[in-house]
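So the structure is just underneath, and the comments pick up after that.
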Amino acid sequence: MSTPATPVVAAAPAVPAIPPSPTEPAITEPGVPFVEIEGLRSQQFIPAAKEALLSLLAEQGQGKVIRPVFNWAGRNSLFPLHWGLACCAIEFASAFGARWDAERFGVVPRSSPRQCDLLIVNGTVTWKVAHKLITLYEQMPEPKWVIAMGNCATGGGPFRTAYSVVPGVDKLVPVDVYIAGCPPRPEALLDGILKLEELIRERRE
Amino acid sequence: MWINMGPQHPMTHGLWNLRVKIDGEIVRDIDPEMGYLHRGIEKISEDRHYNEIITLMDRTCYVAGIAWEHLYIQAAEKALHVVPPERTLYLRVLVEEMQRLASHIMWYAAFVQDLGLMSPFLYGMRDRDLLLDHFQSFTGGRLTYEYMRVGGVRNDLPPGTTDRIRKTMDWLMDRFAEYDRLCLGSQIFRTRCDDLGVLKAKDCVTYGVTGPMLRAAGVKRDLRKDRPYAAYDRLEFDIALADTADVTARYLVRMEEMRQSVRIIRQVVDWLDHHPGPVMAANVPRWLGAPYAPIGHEGYLLKRHYSKGVGLSAIEEPHGEATAYVVNEGGEHPYRVKFRSPVFVNLSAAKSYLVGYHVADIPPIMGSVDVCVGEVDR
Amino acid sequence: MSVQSLYGVASLIATTLASLVPGVPGYLVTLLADLIFGAILLAASMINTIVLIWYERKLLGRFMDRRGAMHVGYAGLLQNFADGLKLFRKNTYMPSEADRLGFYTGPTAYMVSSLVIFGVLPISTGWDNGSLPLSLLLALVIFSFAPLFIFISAWSSNNKYSLMGGMRSAAQMIAYEVPILIAVVAVVVVSGSFDLTTIVMEQQNYWFAIPLVLALIVFVAGMLAEMERIPFDLPEAEAELVEGWNTEYGGMLFAFFMLADYLRALIGSILIVLLFLGGWTLPTYVPSALTNFPLAGIFWFMVKTYLVFGVFVWVRASLPRVRTDQLLRVGWLRMVPLALASVVLAAALVVVKCLPLIGCVPGIGS
Amino acid sequence: MAEEGVGALLRGKLPDAVLTVEPFDGTLGRVTFAPSHALEVFRAVRDDLGFAHLSFVGGIDWVAEREVVYLLWSDERKAYLLLSTRLDAKDAHVESATPLWPSANWHEREAWEMVDITFDHHPDLRHLLMPDGYAFHPLLRSFKLHEPEELEVKTRRV
């Protein structure tokens, strides 16, 4: 136990150097610029720019340039709706407290559904509130996601037999991520949000 | 003009709807609309074992779960004629007072956020987590504990807990001074909260308002003193009082209650250090100790009738006077469980302390009431 | 053409580009230079604003015992770019009963009116776009357009909360416009000019914050109200009005509001620095090593601006919100007399030509 | 001694109204009264005996009849008093306590919608917890709970 810890970096295998590709001729002379600017006159400039723009657009058509950028932006700034339903709302608030600080991941609760991307259903949904929940979901602009936080939102939880409780919020709105727990700890909520970020990346939305 | 504040509104701190009739910025009439979180806990309880209901009690009031466990357990013990051992009583006082601290700190966080103070919300959540850490160490849960049992508590404190609790209490006392500096030291806070949401002592009694709201009006009623339960009659503490009956007074009462809670907890941990003993009553029937009976044994269990009885208990919950009425008609399920939620009554009087003030005053006033919708709707 | 000024840089780029295409008329080159100048200014102010938001979030996080954004980019620097891009992509909804014209023009005009002010604010010696004789007045006039646009967008989004927020915003901004303007008069009396560059140059010996501390207090309080920040953020009081006048706005229009708010915060801080804290200059008696490096003017200007904004963040982290009637009462009954008193003091200062603590300064009021 | 006191006092005042007086753990006693004399009992308890605080009003369904329980608190005596009255299940109605104790308002609304007990002269008897127009009374014994799998949940996607 008392032996000095060996440096991990030294133990890891060194990254092999990438061998130069045989098809591309290596640039040997350092002073030669890659593109000759002097030959570029205005007559040649416009077609060149047009070509570059078209190739960019063609790649965008395949969703390769712009879309990943927006995907990155979308998944890194998820604004949840500031809405407390039941017990999980307290843990939801804890997740924004000093210890967990969900704002680290760019998660900032907003009060107006128009400015939100993420509906976190944090608690028991009753039939009385069901249509309000649907209204809120529909007021949120696309693209939007739903997290069912806790057992109540997932499947009714301990109240599933009750006459007034919706057994699972997925009966009302499409759910992307379910978080188990009654209530889930703030870590679980953060994990759910990170899972959602992975999901957005995989779906390439 | 009627506006709906809720069910999704930053003011509500839960799931309810305050319909407000405004004239300019002045509130002319209000109509609270409840029931968005009605989960039928009283009905489900009729279908559950006595110890299974504890699970529901935690979720009834999610900021003061253990106080509600305590409330229900007392009534159930009376209905089932079980007497818990003495150490259990002190343990229950300990967890209830810690829960009161956690609940009041949560109230503080929510209340100052209503006033627009942003940082104390974070400070409150930070300090509350320290208390929840202790709860985790001996109940395993942060919010829903299932700690109490009919006839005792589930387990004793792990070694070293009392010292850690003492340290936390010292830290919290310093933080309370900081809270006071942030709020009472601010001229804007006083301008906002003085003479706001006044509900005088006479109206408080008429409308049945209890808890810190009542004591802020100068009425000296605290069930821990007036009708001591558990081990409260053996502990020294004072009732927090104020007399201006406004939002500032409620703030002062709650801050003083937190200090008194710290005082109680210090006494209790001293007692617990020197008085080891069992934490479960000896005369608890076996089917109560193991509520999750194997399938097929229900008939066998049902034959073990306990004597009938009706239990009534009342405790001073963080929000006010809570009572439980448990009817035991034999068998393993209660016949009827009725709860009196303090916030339920405090909210029903909302018209008397909201009308005539500004729209901007609604959040601090409702914040000073400390609404917990879980226990209102049940 | 001097490259010492921002406009000079723009002209240089314009002439270089024009030389590529033969036969471009001169007025087109001037137009191009104007456009490039505008673009640089726009980009600079936008990036500054976004960094300002990051700065506020990090600072606020530290005040609250937490970290703030830290996982997107280095220390969360890219967080606000992500937010902006995301809002850019979001659907923009319009409520079915909303007024289409007002709903779209309100936020846009609000944004544009805030951006235009950067055109008249001098940044540093030589880096301004030439001095306008009435630049201070122009900046304040454009600054006070905002309540109109806020009210238009609030009214046209057909939401009760928005409407209440818009009403509050209009009342508050008009109430605090008056003391701000009177406080500015004190500065003008002492410096003898409406030109911001001249006002800064007048502060070579001492900053106006010292003799005109009363005017500074009034101006800061008024700016807090104009910027709609806590403790005067009633129009978007989260607790009672859901999001205030931008409740119904989502997507890019909401981003406009957000950006314009911080643009105005930036402008407010810049105005305070220019009017009271010596702009890009340091007092003449500080060691010259502090001012003798390239871009020293802009450096000190930015440092001062961010410090002033840091004070605003500090206030936001530690004060509760006031109520509308209290705000208006303070505005009309306390701020206006204080501002008037500061003008009288400034006039007395010009006549006596002496400062309370520093002593008699010969150059004052010239 | 005190337990005998309040019940006996009440019985002496209203011999027709009070049916039984029995001791009840944790209170000054449990007084059962005839529903037809409800208002007199309420007045006597509040004005003469000083029970100014009504803690709760709760309904219990005993299948054949329904019970209404009132819990009262007196600041002078520092004790609870339990009032109870039994109603016929077919025609369950009793005088409302709201005019005397405004705190009974929501409790009676809840008892009405949950246990189907009508409170006469209640100012505002409408649904509190359940949505308007909810036709059932969940806390009746005849109302059974089901696992959600047994129910067919029909929702419409728009």
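Worth a mention:
In order of appearance the chains are A, B, C and D, and numbering begins at 1 in each one.
Assume a contact is a pair of C-beta atoms (placed from the backbone, for glycine too) under 8 Å apart; a residue touches a chain by one contact, two chains touch by 3 or more.
Bear in mind the structure is a predicted one, so any value in this text is a computation, not a measurement.
Taking A-B and A-D together, the chain pair joined by more C-beta contacts is A-B. Chain centres were defined as the mean of their Cα atoms; on that basis the chain farthest from chain D turns out to be C.
Separating the CA-averaged centres of chain C and chain D is a span of 63 Å. Separating the centre of chain A from that of chain B, both taken as means of CA atoms, is a distance of 38 Å.
The geometric centre of chain A is 53 Å away from that of chain D, both derived from CA atoms. Averaged C-alpha coordinates give centres for chain A and chain C that are 33 Å from one another. Listed for chain C are residues 64-66, 238, 242, each touching two or more other chains. Each of residues 9-10, 35, 38, 40, 43-44, 47, 122-123, 126 in chain B touches at least two other chains.
In chain D, the residues that reach two or more other chains under the touch definition are 129-131, 138, 143, 145. If you sketch which chains touch which, the pattern fits none of the simple shapes: not an open path, not a single ring, not a star, and not all-to-all. Applying the touch definition to every pair of chains gives A-B, A-C, A-D, B-C, B-D. Chain contact summary for the complex, chain C toward chain A: residues 20-21, 57, 61, 64-72, 76, 78-79, 81-86, 88-93, 238, 242-243, 246-251, 254.
Here chain A touches chain B in the complex through residues 81-87, 89-91, 93-94, 96-99, 111, 113, 123-124, 126, 128-129, 132, 136, 158-159, 161-165, 182-183, 185, going by the rule given at the top. Chain D makes touch with chain A in their complex at residues 129-131, 136, 138, 143, 145-148, 153, 155, 158. Residues 7-10, 12-15, 35-41, 43-44, 47, 55-56, 59, 62-63, 106, 109, 122-123, 125-126, 128-129, 142-144, 373-374 of chain B touch chain A in their complex. Note for the complex: chain A touches chain D at residues 127-128, 134, 138, 155-156, 160-164, 166-168, 171-172.
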